[in-house]
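You will see two complexes here that share subunit A, one where it goes with subunit B and one where it goes with subunit C.
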Partner chain A sequence: MHRIALIALSAVATASLSLGAAAQGTMTGDAIARNIAERPNADPRKGTITFVMQDKGRSRTRAARMLRTETGATHRLLLAFDTPASIRGTSFLSYDHKAASKVDETWLYLPATSRTRRVPASDRADSFMGTELSYGDVKDSFIFGLADWTFSAGGRADNGRYILKGAAKSARIAREIGYGGFTAEVDPATWFPRSITFTDPAGKRLKTISVRKLEKVGASLTATDFTVTNHVTGRATVVTVSGLAKATGADDALFDPARLDRASGRMP
Partner chain B sequence: MSNPDRPDEARLDAQRCAIMDVGFPEIEWPTFSGLIVGLPWLTALVGLLPVALFAAGLGWLERDPSVDAFVSHDHPAWLAREMARETFGLEDPAIVVFAQEPGTSAFNAPTLAAVDRFTDEVATLDGVEPGVISIGSEKAILATASGDLEAPEIIDPYAIDPQASLTLYRQMPALAETLVSENEDALMVIVPVSDPNRAEEVTAAMRDLALEAAPPGVSVHMSGVATMNARLAEHIAGDTKIFLPAAFVVIGLFLLLALRRGQAIIGPIVVVIGSALSAVGAIGLIGSKYYLITTALPVVVMAIAVADSIHLTLAYQRARAQDPTGTRAQAMQAAIDKVALPIILTSVTTALGFAGLAIGSPMKPIADFGLVGAVGVMVACLLSLTVLPLIQLRLADLPPSVARAAILDNLLSRIARWSALRPGAALALSAVVVSGALAAASQVEFDYERRNYFTAGDDVLVADDLLAERFSGGNILDVIIDSGEDEGLLTADAVRQIVDLQRRLEAIPQIGKVTSYGDAIGLMHERLNAARPGALPDRTNAPAQYMFLYEASGDPEDFDAQLDFGRRYAMVRGYLENGEYSSTKPVIREVGAIVEDWSQQTGLKASLSGRMAVNDGWMDSLKASHPLTIGAAVLMVWLATFVLLRGFGPASVAMLPVLSGIVLLYAAMGLVGIDLAPATSMCAAIAAGLGVDFGIHLVQELRSKIARGQDLLAALSGNYVTVMRACFFSAVSLGAGFTVVALSETPVLRWFGLLIAFAALGSLFGALVLVPAIASVTSRKWSSTHA
Partner chain C sequence: MRLAAALCALAAVLGGTAASAQTIDGALALAVDEDGLAKANLLIEPETTIALGSGIEAVMSLRIEAAGSRTGTGARSGFSPISAPLVKGDDVRIEMDEFYLAIPAGALEFRLGKQEIAWGSIDGARVVDTVSPARLTEGLARDPRPDRIAIWAARMQAIIGRVDLDFVFAPDPTVNQLAETGAAFFPQAPRFLAGLQPAGPLPPIIREDRGNLIGDATIGARLSYRLDATDLRVSVVRGIDQDGIPVFDGRQIELRHPRRHTIGLEFVRQFGGVVGRLEAAWTPDARFVVAGSMGAEVAQVDRVVGGIGADFSGPLGTYVNVQLIADHVASDRPLVRPRTDVISTLRVQKDFDDNRHALRAEWLNSLTDTDGLVRLELVRRIDDRFAIFLGGDIFYGSRRGIFGQFSERTRVLSGVRFSF
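So, the complex of A and B:
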């Protein structure tokens, strides 16, 4: 009898809270994260991506032609570097497999050695090509892995965006992804995080990603101007994508590691 | 005034001897002394107001225990080092070593886990900069059988495998003797800190963390400049706690001995406290800092300040004894009349000795020490002629029966008479002593060894010894390369040239090991292309692409300590076996020549940096400026004495004891083997200012009596002996005060205190013997010429 009363009471309380949240225009963290994860992201895209790496007033620029496609099981990213001249002709190819059981693969073609090298499987926390982005950031593409985080909503910011907070589900996950938690501002119109501040596994502020510009190709949104600031080292990387367009008819052979030496000349 | 008991030759007419000058007036200060005694509140205000003003500066005091404080901040080596610090971030770090017993491998799971954990956790401490380096942060550069690059962590934190770590480490020769000891029995963690000059808290936290992490059987040792600076800061704090109470006790005892009444020392204590407070407060007021050497300042000023108090009080006691029926006020006025001028003269000359440091020394701590020391001396003078008389006329009275120290007075009187009657012997004896001293002084050398700042057995020295024995040592000499453009160092030519420089430096026997980013590029080339060991890439862009490959698989910050962000600057780091200036000087000269030649050949700019180059730079400055500093101090003291005594002869006679004191000081350094280094280089200038005091007091008293018509022997009795006694107690309490500095935890400060004490005593005995002897010799000459 008591048990039935308790269940009834819980149901009433849950219903009241949900109604209350809806009345205030708020969402739960899980709901926000789900909306972000379900954002369309599969359209093949191409453009020129530029990384401006900054440190104490100095900067280095790397620019590459980019081709990004998605098969049912794998995100594929091809970068053919043109700048600086010393790495012109260098091509980078990565396969990010959706299946957790499959290890992601990365290759780099170096003209100086005339060979394609397999880059050892990187941890998601590792730096992506010397930038302040991690391989995990690139792989996640502004989507928070639902298996990695425990989400909570932090209400709305003054600009109307949702505040989404995440805490790594375990210490092991925190070590793997390099983050212990995050606070993000999420645009409810696009379900795209416009700013994310990550903490390290120890809870210390680590880095902030600020997205200034989004562009749409097909149904997929791409951040075409954003900055990653590392609060520990003081370094930052400004990433811009120009000429973003739908990559129609991209030759599948471009994504063949064995032909990576020819990719640079054949990029659309 | 002749005495029938004296032999004829002793009746010397001293009216035109060397210490007299034509028209020398007997200076009396009746108005001055009357005002002091008659307007006590105004007098007290005038005396205490400057003390209050200077003491206000105590609120702005800031500590800077670093040895770097001695370096001119516009010196090229300093600028290169600052640029290196800014660019590479690994200048003057703290070094933490986890050491097994010699011969026991440190590649065991507990030690590797401790180093790995410490490397991670130390980076989270406040005051630690990014870029902690150890084998816990380093990766090996390997290639798979198929030629793919691998950069595994040497210590896998999730599965520590000592054998795997050892194998990986042995693939990385550049880490040997830098992060891992030669015998693989100790592991080093290099921790960059935000401010190596104020690293007390962060190094203490590091030590706690390291001790907590270290497994049983592993000892923790901390070295590096940041640690040494922190240790010096502890010394300053420790010395400050010891110096002041010890100085009070010692000075109080000597005051009691000199003034012979407990309450008579209250006034002098007020003077020494007021002057020390003013000197230390002046540090804050002029925006200076409390440097290592400044620790000695309060004691130095106290020791100097006490002299004026002794002269005034003894003069007052003598005046009371001579006229027991007169009032205390009259006796004090008479005492002020008698000693005011010598006190002012000696204070000005002492202050000028200090000012010589301020003018001549390029090292800010020394220059500032001179400046605030001069403030302390002048405040002591002011207090001695204002507040002190007001206190002493109430507290310093002695019964006539105890006013004389018969045995001491008798001894001093004998010295004066012997010198006057046997001037040839006195001068010959002095000449022998000074000649011997000059011979010993010629052995003194400019040298600097940072180890001298620590006592044998100090933890820092134990760690330093361990670094020297098991690693390449902690004496770093860097060459900073500038290619002139970003990415300029990632060409095959640039790498080949850098490695060539590295090899040329390694050929110098005193250099243990040399590292640069060329090591890693060479390894990548070798392993990616199956090239022979030591081969370097010849395709122009290969280094840039290797580095790009590494960044794709490793941490982009792994090369931050060797190659700057823009790939324009590189650091080639050499480890010297010895850190002593005299030993490193020829090495640095040779490295400088190699670097210059290399730079001309390659077109790449290169400059010397690192701790050893900085030390070499400022020791060169010290060496060049030392004669100027001492010369300036002696000249200023002589000029002041000349102006104030108004005569070349008296000024020169008053200076003779100074010179004998300085020569004896250098002789002591030569005999004991004390090097001329920043702290000890100050001694002679300070000794010049102090030593002239005795000459001035004696010359002033003597010529005052001769001017009244007394012959020399008569003039050398009576009050002259009282002045000798005052000089004696001044010198002894001064010497005792400086000896307090010898209680310092820092050996160089001990030497500083002992050397000045020795010089002060040398000057005293020089004055006691030389002033009567020269007065006598010049009287005889005049008498024989004009008889």
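So, the complex of A and C:
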């Protein structure tokens, strides 16, 4: 059954790719980025996200319950960490506004302080809970902020994927997001980037995100297996999402910053 | 005590029958100052969270503390009868920390039992954050700061669109926990001792009786409104003064805890890469000891405390928090405290080496008394369970000041923190 589904999905993807190639062979970078940003992402979904941080043969694991949804023009992500014990109870909430004029919002609840704090946008470049992902990587959901980047198209890769390039719109934005530019391979069947290589604000190759597996809930795709490799430090973080499912009962109250203090217990 | 034992037994039964998660956090800390070993402290905090279905959770935690040094475990007189430690030895103390049921019901959530209530937006300073009392057994050199004490309370939170409502009724007159008389961090500044300037032994210090659970209850309401990148909050708290008014009757100092009302305002906004915070509280019936009265006279005054702060990313990947806090009393008569206290705070943190190391530097500075505290700490995380730390607290300035009163308590700290 699973194999049949995969074959069917593959056939659909191939057909879409062929049609896409014919119809959209000369897509601009802005058009590709817009397609990525407008990718269906609204279905409420839940799962357990696990970060395995690898460094010179050693590894550490962090796991959190995840809840995603999209309301109106805002994508919302809630992570509630369960392991290890040292970070249990820590919760992360982000509102990613599609409108470029609205500032994205991020909150962090730390049990040690018993308070929920807004995280400054300038912290987007900071490491997320010690992983190779930044706060920005976690909340962006594989979407490139239209206000952050100047896009250009780089043609097609041998596998048919679009090459999308981005350059940070300003030095300030580059500092905030921690990246000066990127090159991504974008699957035109799903408008999901399958690999992204970022450079730091000085233009030096910094890290690569490789997506191995996507899963669908409703019309929304989630990367359920990907690796972030830091080329400077040699460290990597393998991210997997298990138990991905439609989140029934995920009401608005769960995504209220006032309810971050016991988020794990409230999640459906 | 019987109630506590019954609750513990209930917790054990629940823990054995429902899905639960347990953690044990703690720390072993040693400190030396110019007089030798200043602090030897072991803190173990086991916690159990039990899911009872439909989002209902029971949270239970203990606080087991052992100390064998001049810092000690703190005075017991701050605890109300219903929050008294289960074991109250001089060197070993066991407290029921949190013990509550959280009951979500759609847009409402009820929380019943012993719990921490954390309001306010400014870090470290309790401007609006006056519902839960705090441990002050090491002055302001505690982690976390404020180190809140859980109190028995019924709390209801409601979400109505962009508005959050929070109501608290806490019939638990526990007040701030001070160091024991004679301990390293027992207050020495005249403002905390009814204006007396200790040159020799202090007179006995006692606490006013606080056995009236309803009359001395803390009642609070907070309304929060969130719009785009802005939070606006208004709060009202009626409860006893948790700091205590030190009144000298010629024989002893009595810490009195009169009722007072506080109206608070908070404003938090994200300005691009900076989060700005503003917090203010007005207490129309604050009380302070009148100077020149030999500590016997208390004046009722208007008190306004305001704080402004910002968080942002600093150079070299640092996290920076900077704040300015002013505490003003409007009084025609001279008081044993300054008319206006102004304190600046600066905290810089950096994680490095894949979060294996963290460096934290903090500077608390009183512009009024020109005294202060510099705190430094280097943490090495061994793994996800253990972290070792080395640091120091440097107190400086006038002995009349909030920080300078401990200028002989400058210390080097080291220890291990653990989580299982």
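The rule is simple: the second predicted complex is superposed on the first by the 180 of 268 C-alpha atoms of A that agree within 3 Å, B and C clash if a C-alpha of one lies under 4 Å from a C-alpha of the other, contacts with A are read in each partner's own complex, and residues count from 1 in each chain.
As a convention for this text, a contact is a pair of C-beta atoms (placed from the backbone, for glycine too) under 8 Å apart; a residue touches a chain by one contact, two chains touch by 3 or more.
Note that this is a predicted model, so its numbers are computed, not measured.
Engineer: Scan A:R115 for contacts with subunit B and subunit C and give back first, second, both or neither.
Structural biologist: both
Engineer: With the two complexes superposed on chain A, say which partner A:G130 touches: subunit B (first), subunit C (second), both, or neither.
Structural biologist: A:G130 sits against subunit B and subunit C alike.
Engineer: Just to be sure I read the superposition right, which of the two partners does A:K102 touch: subunit B = first, subunit C = second, or both, or neither?
Structural biologist: second
Engineer: Look at A:A189 in the shared chain and tell me whether it touches subunit B only, subunit C only, both, or neither; answer first, second, both or neither.
Structural biologist: After superposing on A, A:A189 lies clear of both subunit B and subunit C.
Engineer: Once the structures are superposed on A, label A:K56 by its partner contacts, choosing first (subunit B), second (subunit C), both or neither.
Structural biologist: Once the two structures are laid over each other on A, A:K56 reaches subunit B alone.
Engineer: Is A:V232 contacted by the first partner subunit B, the second partner subunit C, both or neither?
Structural biologist: In the superposition, A:V232 touches subunit B alone.
Engineer: Under the stated touch criterion, which partner chain does A:D82 make contact with: subunit B (first), subunit C (second), both, or neither?
Structural biologist: Touch status of A:D82: second partner only.
Engineer: Using the superposition on chain A described above, determine whether A:F92 touches subunit B (first), subunit C (second), both, or neither.
Structural biologist: The first partner, subunit B, only.
Engineer: Regarding the shared-chain residue A:A147, is it in contact with subunit B (first), subunit C (second), both, or neither?
Structural biologist: Once the two structures are laid over each other on A, A:A147 reaches no partner at all.
Engineer: Overlap the subunit B and subunit C contact sets on subunit A and report the shared residues.
Structural biologist: 53, 55, 60, 84-86, 112-113, 115, 117-120, 122, 126-127, 129-130, 233, 235
Engineer: Enumerate the contact residues on subunit C facing subunit A in the complex.
Structural biologist: Where subunit C meets subunit A, its residues are 21, 23-25, 49, 51, 55, 57, 102, 104, 106-107, 109, 116, 118, 120, 144, 148, 157, 159, 164, 166, 224, 226, 228-229, 231, 268, 270, 272-275, 311-313, 317, 319, 351, 354-355, 383-385, 387, 419-420.
Engineer: Where on subunit A is subunit B touching in the complex?
Structural biologist: It comes out as residues 53, 55-56, 58-60, 84-87, 90, 92, 106, 108, 110-113, 115, 117-120, 122, 126-127, 129-131, 202, 204, 232-233, 235.
Engineer: Would you tell me which residues of subunit A are touching subunit C in their complex?
Structural biologist: For subunit A paired with subunit C, touching residues are 53, 55, 60-61, 82, 84-86, 88, 102-103, 105, 112-115, 117-123, 125-127, 129-130, 172, 176, 233, 235, 251-253, 256-259, 262, 265-266.
Engineer: Okay, in this complex, where on subunit B does subunit A touch?
Structural biologist: 86, 124, 130, 144, 146-152, 486-487, 490-491, 528-529, 537, 539-542, 544-546, 548-549, 551-557, 565-567
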